[in-house]
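Okay, so chain A shows up in both of these, paired with chain B first and chain C after.
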Partner chain A sequence: MLILILFVLAACESGSNEPASKSESSNKTGEEGTPKEGGTLSFYDFDDPKTLDPHKSIASATNSRIGLVYNKLVTFATGPDNFSSDEIVPDLAKDWEISEDGKTYTFHLRDDVKWQNIAPVNGRAFTSEDVIATMERIKNLPGPQANSLVSVESIEAPDDYTVIFNLSEPYAPLLNQLASFVMWILPKEATEGKVDLDNTAIGTGPFILESWKRGVEASFKKNPDYFEEGKPYLDGVTIYPNGDSMTEVNAFRTGQTDVILTDSKIDFETLKKSVPDAQIQSEIVTASRLFINQTRKPLDNILVRQAMSKAIDREGAWKSIYGNGEYNGYVMPTLEDWALPLDERKEYQEYDPEGAKELLAEAGFPDGFEVSMIVTDGYGPQLVTLAEWVAEDLKEIGIKVNIEVLEYGTFFSERWPSKEYDIGIGLVTPVTDPSDSLDPFFKSDGYRNWQGVNDPKLDEMIKQQYLIVDRDERIKYINEIERYLFENVTNHVNLFAYHIHHFKQPYVKGFDPHSNYGYLFMKNVWLDK
Partner chain B sequence: MIGYIFKRLLYGILVVLIMVTFVFVLMRSVPGDVVTLQLAEAGSVSEEQVDEMKSQLGLDKSIGIQLVVWLTNAVQGDLGNSLWSAQPVVNLIVERLPVTLELTFFSVILAIIIGIPIGVLSAVKHNSFIDHILRVTAVGGLSIPNFWLGLIILLVLSLVFNWIPPLGFKSFSENPIVNFQQMVFPALVLAVTLSASIIRMTRSALLEVLHTDFIRTIRSKGAKERVVIYKHALRNSLVSVITLIGIQIGTLLGGTVVLETIFSLPGLGSLIFESVTIRDYPIVQASVLTFGTMFLLVNLVVDVMYGWIDPRIRNN
Partner chain C sequence: MQELQTVEKVILKENTKMFQFKENCRRFIRSNPIGTISIGFILLVILISVLAPIIAPYDPVLQNRQSILIGPNGTHILGTDELGRDVFSRIVYGSRISLLVGFSAVVFSMIFGIFFGVVSGYFGGVIDMIVQRIMDAIMSIPSLILALFIAALLGPAIQNVIIALVIVETPRFARIVRGEMLRIRETNYVEASRSIGSSVFRIIWKHAIPNMGAPIIVLASLAFGQSIIAEASLSFLGIGTPPPNPSWGLMLSDASRFMETAPWLVLFPGLALALCVLAFNLLGDALRDFLDPKISSKK
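Moving on, here comes the complex of A and B:
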């Protein structure tokens, strides 16, 4: 059984905080009574999707919309206190077997699933053909999904309701990655180009996409043919793309929206005062980091990078910018068991400006040096404030930082991937398997290794962990990789993980978020009014 | 007159052409490109993928060739497809433009309704206490940034009246009542600046006309003050007010970009804003073309209206 990260209720009025790993929610979940049917749930999401094609976007915007429409072979358990559960439960597959050697996965599919009754699929039965067609499409497109299938040699369908994955070698995260939001199962017709996947979605899920008007709203209605008896409870869901943060707060306050998400300290406090009876649930969803271009001097020197890490007052930063936070590791604390214990994370990242100066002197820079730092305001103002904070801290030990605030497109397409920077501040995407936090960023050929990490021993370790099928052993090994990263790589430098707060109107029940994108829990939501 | 309009049109087309070319080159020169953005969205970026996608989208050719291709298609009415959604850009413009037009139309009407009567009052009672108050208010209206006013209005609505305009935009034909609730406040905000300019312009133009000889003549013939002001003086001073409105519509269109974002209206302004961020070149291109054409047409209409209002221009 998992040790559950409990909900964290952030920020007393004074702004003082427990370093948050355990706390409680003001929402007494569990005893919510008998679900009532009907009603529409509406809320703002962080962004408008750029496309609805699941294989063209790993963004939460895309996946949160289509998550209501599609299903996966397997999925994660959701429920109260289950925000980052990695317990795998059936979805389109009702059960599965893994062979002794870890090289054959046999999935038995549900035989009572129908596609939504929209042309060209027209409500036909879901079969193993759809799974095979989806996996083929994934293999042939760019994107991280293909990486999950690297060790999958072949996929067969002996009959309509059985799918067998044959692997060339054991691959520990396979089930976990099949449960992740990048693995939605599409109808065969869609993979043949008969559905406009950029602009529509036809799935097997609890809701039907009624319309998506870019920049306005995505509206969903109940799927009457959904395979889980009696669900969903809601008649519909309306998701608005992010507006101005004040507009969002006002919409919630005046009861036009039923749920609101915020990571801002100010909005949190405003909402708490103005909607006192709202249910509040705070979760660690994302983290910030300082990435360093180690192909440039003197940043190639690990002593310099470690000095930078020691120079940063993380607690001070999270208290004043977000109101709350927690020491982060290379595997995020959202992955619970897989992350290094909090004490250890803290030990590696204690604020020690004197020690930092010593390290810098040892590296041959007793008087410091000058670097430029890139950051984008595309995620909101907080990240820029954080960049300023880090720059101040680095100045204390003699490193002069010139901040360049870039527009999102420039940051993300021009400067960062092409290593046109010295250091930069960015966010970490939450993942469901620890390998997804390691492989892309730290393997020398990782597709998101935009900081020039090149360490053969680390490459080998990252490859090795895929082969360890035993969970406990793999956890130990992943911990070792993390320690190695802290001690021998120190790039990126972790800043901290922080909370996102869900405010829910008092009548909203069963809204139990999960860290994986896609609102997997929406079929359980009901309105008590 | 026809010849005049024709000349103005030709001149306008040239201006639009220069503008469109400028934006074309500019969009492709700013750092950050759509291909890397799309690959980053999909989760991985590699050299081969970048090259492959560039050639798919026709972005591997030189800017000159791309521009010629775009212009050739545009002249034939084909503005291309969105690089992200693959939808024809024309459809997007047709979908978004009415919102911006409605907003602009609303705010011009509001500005006239507010501005002209106050301007007249201010001129008629010039140098009185009322005049001073009105003039200070007008300067205030000119100085208030409209995004700030927009935010304040939303705040007051929500705090005092516990109400905000309904979410989820509805067009006039879908639901006129909801549409009105969504449009009226941004239109009012946009109208504030314009009406302030109208007040000032009406006041000074009217004062000028009121001091001319012909007004004295009319007065001496015993015409009622109301007739003097509305039939003779105001009509003669309207030429400069209309010019002002024509010029200000450019600023007004610029203001829609911000206000559409604040009030979540899916107009052309917010479309440009979104498209620049994600480097959807064809959409930016087509939106700028539309904005430019609108500006050009408004100016043309203003020119024609001079003639209608002022027979002296018509007869020349």
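Moving on, here comes the complex of A and C:
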């Protein structure tokens, strides 16, 4: 246990990222020796996605398959201490300028980029036309990604290697969102329907998608024409869709896979014991929450929701189920600069069953009531255990909870979006810009507002923060929004953030994960064997 | 006077039945020691499930958060699980769910099976064709997969598991009952009853059903064991009994993650399940041997 605590502390420290300079992040292999070429890296990942089309699905599974194939205009810095870095570095654009008034973004593109040599693109040069075609597709397809370009009025290409974005009003998170995983740049041919984007991917990235067998594996091979000299180091990458945790653990133990990712305390301990020389990296990536359908009575009463929040013993839950954890806010602590200070998050969410009972009595339910709770086992068994924990806590203050364990598809695509539930337990997606964790969930018309939050003042505040271009000012304002959510909305109820552990075989080098989906760092990975 | 005679008759009848029953029991115990042990074990399980609140030292869903994943010891004789719940109490209460599912599934599928079997066997012809082809269709799908499908469709709840199992088990009863019905229909006593003008209902109720008891009892015993294991399988796969109810299958499913670190979690519910199902299967075998002298003499 002591070791675990020390370990968590160490991990927290490593999470505090200083913005690394570009040269550092691209040249970080120095300390690990000279990279060797060759070898194939294999690991288990999320379940197979429905489609590989980046603009049809924001699913992590889609992005983890295609991230190796595509590039974006700009991307996030990756490196040993850069897990949640929001520092933007060049990708297809070699540099860029933002006008004084924040309404014009000019990107200068690399002129040495070629598409992968696959029909119908056949290795032609990448130009500004591809960028424009991709952006048009994003704007025209329905879906959350179009949101990012709402304030973009027009995009023009004065020549083959320059792209200009004209905005109607300043939009603070634009660069961040262009660097984020929905903005993969497709070849022009693909946007014209000449490529089967659901099942294949042709990009400019370090790896070529060789084959994708649903339910079996996605295999990638090195792109010999990749624009960064000498990269990637690996000959190939193989991604298996997730099996049950025992299978994954055993595959890693026997060396069949090179990396494994787990959030389970028990797997963590098993792996630590059975593969003692593995490299371990733990990062706060994910968080759980209790979402409440406030279109139903008595859950529309804020006192009831606050009582629920007070009733939950968060620290106890994370200690016994995950072995680690941290008080979470409406902006996750992965966005270190943007999240509320830890003390404040803790203050808002202290365990206080007596206070909860009082609140419930004040709301007119001294004897409690009965609700049903939806949860899925699609994220692994821990979440169901957590649901049982929360149900017990709520029972303590008189709220009887009936748990319904649903299959992932029913949970995520049916019951939750159509508000056919009382309360539920789910996860929070990590984001790279704070607005992404506010706008979709809490604006009355947010695309993932599946809780029925409807607060005009909050809507206005969320709209306002987009217009603040000064970073420090915006941080202050976002903090205000978060406090407002804690005090006046309390839906969802945050549970806690916790670690995901990466175990790497001792010979795996340069595997430095980043919270944004798509394995941005894979070009830097090499095998020392 | 007439009344007295009737009463006497009834008493006499009771006595002979009682006597017969006792005689049968004695014969069964003598010829089938394994079957006897099975019956004893099943009675014990029934007793445990009825007296669960007295036997179990803890509430089966109570989370003792100070003692999580503790091995068997003095306070928790079979240890605790990942939320600090007492494993022994959960197994004790779990027997209720297993028996409830087994019993309901068997009783309902027996009722439906007898109904369809009798109708199909007695009337024959087109009705027989239709009923039997539907039963064939259900039986052509592996039973666990069909149960999986139905339970997944209806959502995780105990009553849905029972519905799924009833649908799966009914054809087996219907098939056997139909065969018996075909045989009985042609017997002399049915012929006699029919010739003095008995109604169809009377023939079925008074002559047919009481005479097909043996194969139905054997099948019921086997189906009971199968239903228990099917409930556990469905719960194991997450579409049976919803948590935090202490179903044995659910306990095994949770425990599979802790196989290396907390083996008691998988050992004891697994043992309970295995013994229970074994008892029902052995009882089924024993009953078959006992009720069908042809088979037992062959052995």
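Heads up, the rule we're going with is that the second predicted complex is superposed on the first by the 499 of 529 C-alpha atoms of A that agree within 3 Å, B and C clash if a C-alpha of one lies under 4 Å from a C-alpha of the other, contacts with A are read in each partner's own complex, and residues count from 1 in each chain.
Please note the rule applied: a residue touches a chain if its C-beta (ideal position, glycine included) is under 8 Å from a C-beta of that chain, and two chains touch if they have at least 3 such contacts.
In this text the structure is predicted, and so the values were computed from the model without any measurement.
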| Is A:R448 contacted by the first partner chain B, the second partner chain C, both or neither? | first
| task | Considering only touches as defined above, state whether A:P173 meets chain B (first), chain C (second), both or neither. | result | neither
| said: According to the stated criteria, A:S42 is in contact with first (chain B), second (chain C), both, or neither; which is it? | reply: first
| query | Which partner reaches more residues of chain A, chain B or chain C? | reply | B
| field | Touched partner set for A:M246, first chain B, second chain C, both or neither | value | both
| With the two structures laid over each other on chain A, which partner does A:G67 touch: chain B (first), chain C (second), both, or neither? | neither
| query | Which holds for A:P513: it touches chain B only (first), chain C only (second), both, or neither? | reply | neither
| request: Could you look at A:E407 and tell me whether it touches chain B, chain C, both or neither (first, second, both, neither)? | output: both
| task | May I ask you to decide whether A:T238 touches chain B, chain C, both, or neither, giving the answer as first, second, both or neither? | result | first
| message | Contacts for A:E217 in the overlay, against chain B (first) and chain C (second): which applies, first, second, both or neither? | response | first
| Footprint overlap on chain A, comparing chain B with chain C | 246, 407
| query | What residues on chain B touch chain A, complex-wise? | reply | 30-46, 49, 84-87, 92, 151, 154-155, 157-158, 162-164, 166-169, 261-264, 266, 270-271, 274, 277-279
| note | So, in the complex, the side of chain C touching chain A is made of residues 61, 63, 65, 68, 82-84, 152, 155-156, 238-239, 242-244, 253-254, 256-261
| field | Residue numbers on chain A that touch chain C, as the complex places them | value | 245-246, 264, 266-267, 269-270, 313, 316, 320-321, 377, 381, 384-385, 387-389, 391-392, 402-407
| message | Considering only the defined contacts, which chain A positions touch chain B in the complex? | response | 42, 48, 50-51, 55-59, 141-145, 147, 182, 196, 198-199, 213-217, 219, 238, 240, 243-244, 246-247, 250-251, 253-254, 256-257, 378, 407-415, 417, 440, 447-448
